[in-house]
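Once you've had a glance at the structure underneath, I'll fire off some questions.
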Amino acid sequence: MSLNDIPVHSASITTGNLRPVLHEIRHAFSELIAHGTHGMIDLHSLPFSPQEYAELDEFLGEGEIDLTLNVLGKTRLRESGYAGIWRVEHFDDNDNRIGYFIEIGHVPEILRSQCDDIKEGLAAMTTILAMEEDNNEDAIT
Amino acid sequence: MRMQSPNPYEPTLGEHLRSQGISRRGFLKFCGLLASSMALAPAMIPKIAAALEQAKRPSVIWLSFQECTGCTESLTRSHSPSLEGLVFDAISLDYHHTLQAASGDAAEHAREEAMKEHYGKYVLVVDGSIPLDNPGYSTIAGISNLDMLKEAAAGAAAIIAVGTCAAYGGLPKADPNPTGAVSVSDIIKDKPIINVPGCPPIPMVITGVIAHFLTFGLPELDSLGRPKAFYGQSIHDRCYRRPFYERGLFAETFDDEGAKAGWCLYKLGCKGPVTYNACATTKWNDGTSFPIESGHGCIGCSEPNFWDFGGFYKAISIPTGASGKNAVYAAAAGIAAGVAIGAMNKKSKAEAASSHQTVTVEELNQESGS
Amino acid sequence: MSTLTLERGINAFKAQIDAPMASFFSSCVSCGMCADACLFYTENPEPRFTPIYKLEPLRRVWEQEYTLIGKLKAKLGLSKPVTDAELAEWQELVYNNCSLCGRCTLICPVGNDITYMIRRMREGMVASGHAPGGLIGASTRAVQIGSPMGVKLPALQAQVRHLEKSSGLTVPFDQEGAEYLLMLSSMEIMNYPEYLGAVAKILTNAGKTWTLSSECFEATNSGIQIGSSDIARELVSRVVAAAEKLKVKTVISPECGHAYTALRWEGPNLIGRPYTFAAKHIVEVLDELRAEGLLQTEGFEESKLTFHDPCQLVRRGGVVEQPRNLLNMVAKNFVEMADHGTLNWCCGAGGGVSANEDAEEVKLKAFQRKKKQLDELHVDTLVTACANCRIQLEEGMEVNQMDIPVLGLTEMIAEHLVERKGGAA
Amino acid sequence: MNEVDFLLWVKGSAFNIALFIFMAGLVLRLFEILSLGRKVNYAVPKGDPMQGGLREIFRRFGTDKATFQRSMITIVVGYVFHIGLFVVIFLLAAHVEVFKSVMGFGWPNLSTPVVDAFAVVTMIALVVVLIHRLQHPVKRFLSSPGDYVAWAVTFVPLLTGYMAYHHLLLSPQMMLGLHILSVEVLLIVFPFTKLMHTFTVFLSRWYNGASMGLRGVKS
């Protein structure tokens, strides 16, 4: 029997945290348009009832993108019904959700290729190209 | 966890993590989760990343005194490669007598060497309380806990007291405290001490504190020496059952309708309102739940003297001790004293009545005439 | 010869303090509502005239003698014993500024019987020699002559002879076995002789046997007013002796408030046993006759009139309905004052104030309360059932140039009396 | 002593001591009062003293219109804070648990925000009462240090309780400790101050009412 098989009765309750969070998202949304600021809200550290999580999901709706990354366990990125508002869920190796953020931006930060990685990639590509060209020259000669 | 001998070149944490095959994207995820675990705003993530990138892997010496190994269990039972595991990997654990491979003299030797090598820089982690009544109650390699703590503390950059025993004395200190147990802070006065209480503490909190120490140094502490980031709010404040408390809806027993409906457990002894910990948000068992979600009140394990808090199943407002009987004894004492003072009053009044001299008009006129 | 001393005063306080008083002092929360209930404060708003404050020395004696904390405080020097000078200072508060009207007692939210305590406190004031001269004089005359105003039997006999001659009624003296023994107050004999005629007419007409006593005709009791049980006992014993000697069924207290309190409520306790006769106020007797059909009237007073309730009758005696029943027999235009019945305001001269020369000024100030009540009503006539009230009201009206005649209720009833056939037995 | 030690002390021995003094003091004071006795009354009663006593106990909760107008602040604000104190003391869930633990039985509680609102209103009323006492010539004149002590020991538990609930100023544990301590101070001084009127008011009303009943005075 797994944990999910145990029937849990939970009266429907609200912590009252949903409304403020929705307004926070809306504010971050307008900041993105006005100043291009990337916004991030940590949902995991807020006391939400299961019902409120569901209400939030319903409010945001589903968008076009649903990506799964394989980084230290899975990370799932879903654009909401509002373009520019993303759900970012981090999972560990056992698929337990260990982090839940709302990101407001063109793409979630984690999706971007990281500058250092790009630099390192450029350096690596340069080296490889140089090595191949050296080899070709050797072959010609 | 790796036991490694002192290395002349100390790689930074970032380098170390990458050498473990963790990408920068992974690092970013790690930093995001770390910020969440340290209860920091997501805006802090780049700063954490930058700080971690540059941080040196610290040497950590872990001493276990009068303890049950629950704190170590809490930490190591977290599934790997969990966030906790990653952080733990980021340190150089040079001595931990439960986890290390070495034993006997070799183990103690490793400790002494690490203390010498990193004098003034290592982090000392302590779990368990220290007995003061008789040093023989708890020794390691023939050295009393007190002596070992003092010696190890002397060269430590900071001390992390993990678990309620190390932080406040915990179970060993519970009434009648047969070993004369005390906390680390009762003995060590000249070093920064971070208390990470809990019985056991939440693994995420242990690593969160270590991460904070690595990135931003000593965290801000409350009056009981706990990092405010994790212990800043009471269980009650962040409890999902709080709305029931507000509405005055309480479970009266563990099997009544209220309990089934998930009402507030205050009357069943929940210590949430006076307990500071991150359980309600961080949760246990890889984020599954925390005790109140399972229908049991908070027992206040991250607070000093929680064993003697008047019973796990008594509401916090209830006085400890036999109050009802006390009131009866008091009433009896009151009656005894009342009878005595009543008799005195009666006597006094009777004397006044008997010594009354009849007032005559002659007297009245004499007085007014004078 | 012995003298009155502070020690005797404190001793009297100690002897008087009982469980109700201890409870009252424990209950007072200094809310000050008794001040607003007291005409000596409302018409002269100095905080020290607040009723409960008038008891302060008594309260201190209680605290120091009968409470654990008070004894402790006294031992530690935190409280000082009551001094003779303090009692001297309090004389003004306890006598001049209190008519024992009982209004504070009625209003007090915690239920303190302040009036009862002031009456008890006066015992100590007398024993320590701090009673006002006017009351000492009245008490002395009452004990030595038999009347606080010095009225002697011959004066009454002269009145009676005059009455018999003018009305043709018989006024019996010392008639053993009569149903009623009629008591009088000196004020009635001197100021309102028509009262005796009115009662004689009504009782005779009702066919009742009644008598005066030549040994004791004075119902008022200066001992009650000055607050000395010793003197009050002496005076009330005379009434009891006369009544028991004549074997009457009922003693009628005259139209006087405190005489009723003295005779009806304090008397049996002063002599330490129940009476062998009943004690009733004349208004009670008249109302009984009315109920029995032995008192019938004809015609109505035309003028707009109101009734002043004597405090001792309403608040301290429970006689509220009877005077109204009687008034309604003879008055068509009877209106009530805003505060009436148990809530009525005192005339300002009861409880010994009228006999106290030191209170001359105060009692006229206190009358302002009654003046305000009357000014609201615009009545032509004021009726009352207490000679003491009546004197005060008349004096107050005169000083304030008000033109409202004050009548006694009994006389008004007598004027409208219908003669019963075969009534005069 | 850290705040938890402090909290444990106030909940433990301090509470027991306070409760002991309160109970013993209460009984002692009642004996002190009742032992002074009352004389037998020989006057023929016109009414039933018992009935009069009971009637006055209840009647004095109200007042006549004119008195109400004259003493409006005293009466209205007095009512507000007395009702408020009753609700806060007896109907907060945490308090019900305390009574249950001491007396062995409990009763239903009100929801916390409702009690909280009562606490605020009660505190405001008590402040008004204090200002009124300081400004009203009669009240100021009559007031002894004991009156102000009684006010303070009533007000402080309300304030500390409110602050503990709302996490103001100090940590809730410390505040809870201070709250319980302030209640203990209240309990200790209770029998020996004006606060004793809580109990003697019924005795006084009864005595007065019995006297009125005996005389046939119906108010």
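Just so it is clear, A, B, C and D label the chains in written order, and each chain counts residues from 1 on its own.
Everything below uses one rule, namely that a residue touches a chain if its C-beta (ideal position, glycine included) is under 8 Å from a C-beta of that chain, and two chains touch if they have at least 3 such contacts.
Note that this is a predicted model, so its numbers are computed, not measured.
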Fewest hops from chain A to chain C - one hop per pair of touching chains: 2
Which of B-D and B-C has more C-beta pairs touching across its chains: B-D
Geometric centre: closest chain by C-alpha means: D
Centroid comparison with chain C (C-alpha atoms), farthest chain: A
Centroid spacing, where centroids are CA-atom means, of chain A and chain D in whole angstrom: 60
Approximate Å spacing (C-alpha centroids) for the pair chain B, chain D: 38
CA centroid of chain B to CA centroid of chain C, Å: 76
Chain A and chain B: spacing of chain centres that average the CA atoms, whole Å: 34
Contacts with 2+ other chains: residues of chain A: none
Where chain B touches two or more other chains, by residue: 337, 341, 345, 349
Residue numbers of chain D (touch at least two other chains): 28-29, 32, 34-37
Chains touching one another, given as label pairs in label order: A-B, B-C, B-D, C-D
Interface residues, chain C side, partner chain D - complex: 17-24, 26-33, 35-37, 41, 45, 47-48, 50, 52-53, 66-69, 105-113, 116, 264-269, 271-275, 278, 314-320, 338-339, 342-343
Chain B contact footprint on chain A (complex, rising order): 3, 9-11, 13-16, 40-42, 44-49, 69, 71-73, 75, 90, 92-94, 96-99, 101, 109-110, 114, 116-117
Parts of chain D lying in touch with chain C, wherever the complex brings them together: 28-29, 32-39, 41-44, 46-47, 56-57, 60, 63-64, 66-67, 70-71, 74-75, 78, 133, 136-144, 147, 150, 192, 194, 196-197, 200-201, 203-209, 211-212, 215-219
Residue numbers on chain C that touch chain B, as the complex places them: 1-4, 8, 11-12, 14-15, 17, 65-66, 68, 126-127, 129, 131, 133, 136, 139-140, 143-144, 226, 228, 230-231
Interface residues, chain B side, partner chain D - complex: 168, 222-224, 234, 237, 245-250, 266-267, 273-274, 303-305, 308-310, 314-321, 323-324, 326-327, 329-331, 333-335, 337-339, 341-343, 345-346, 349
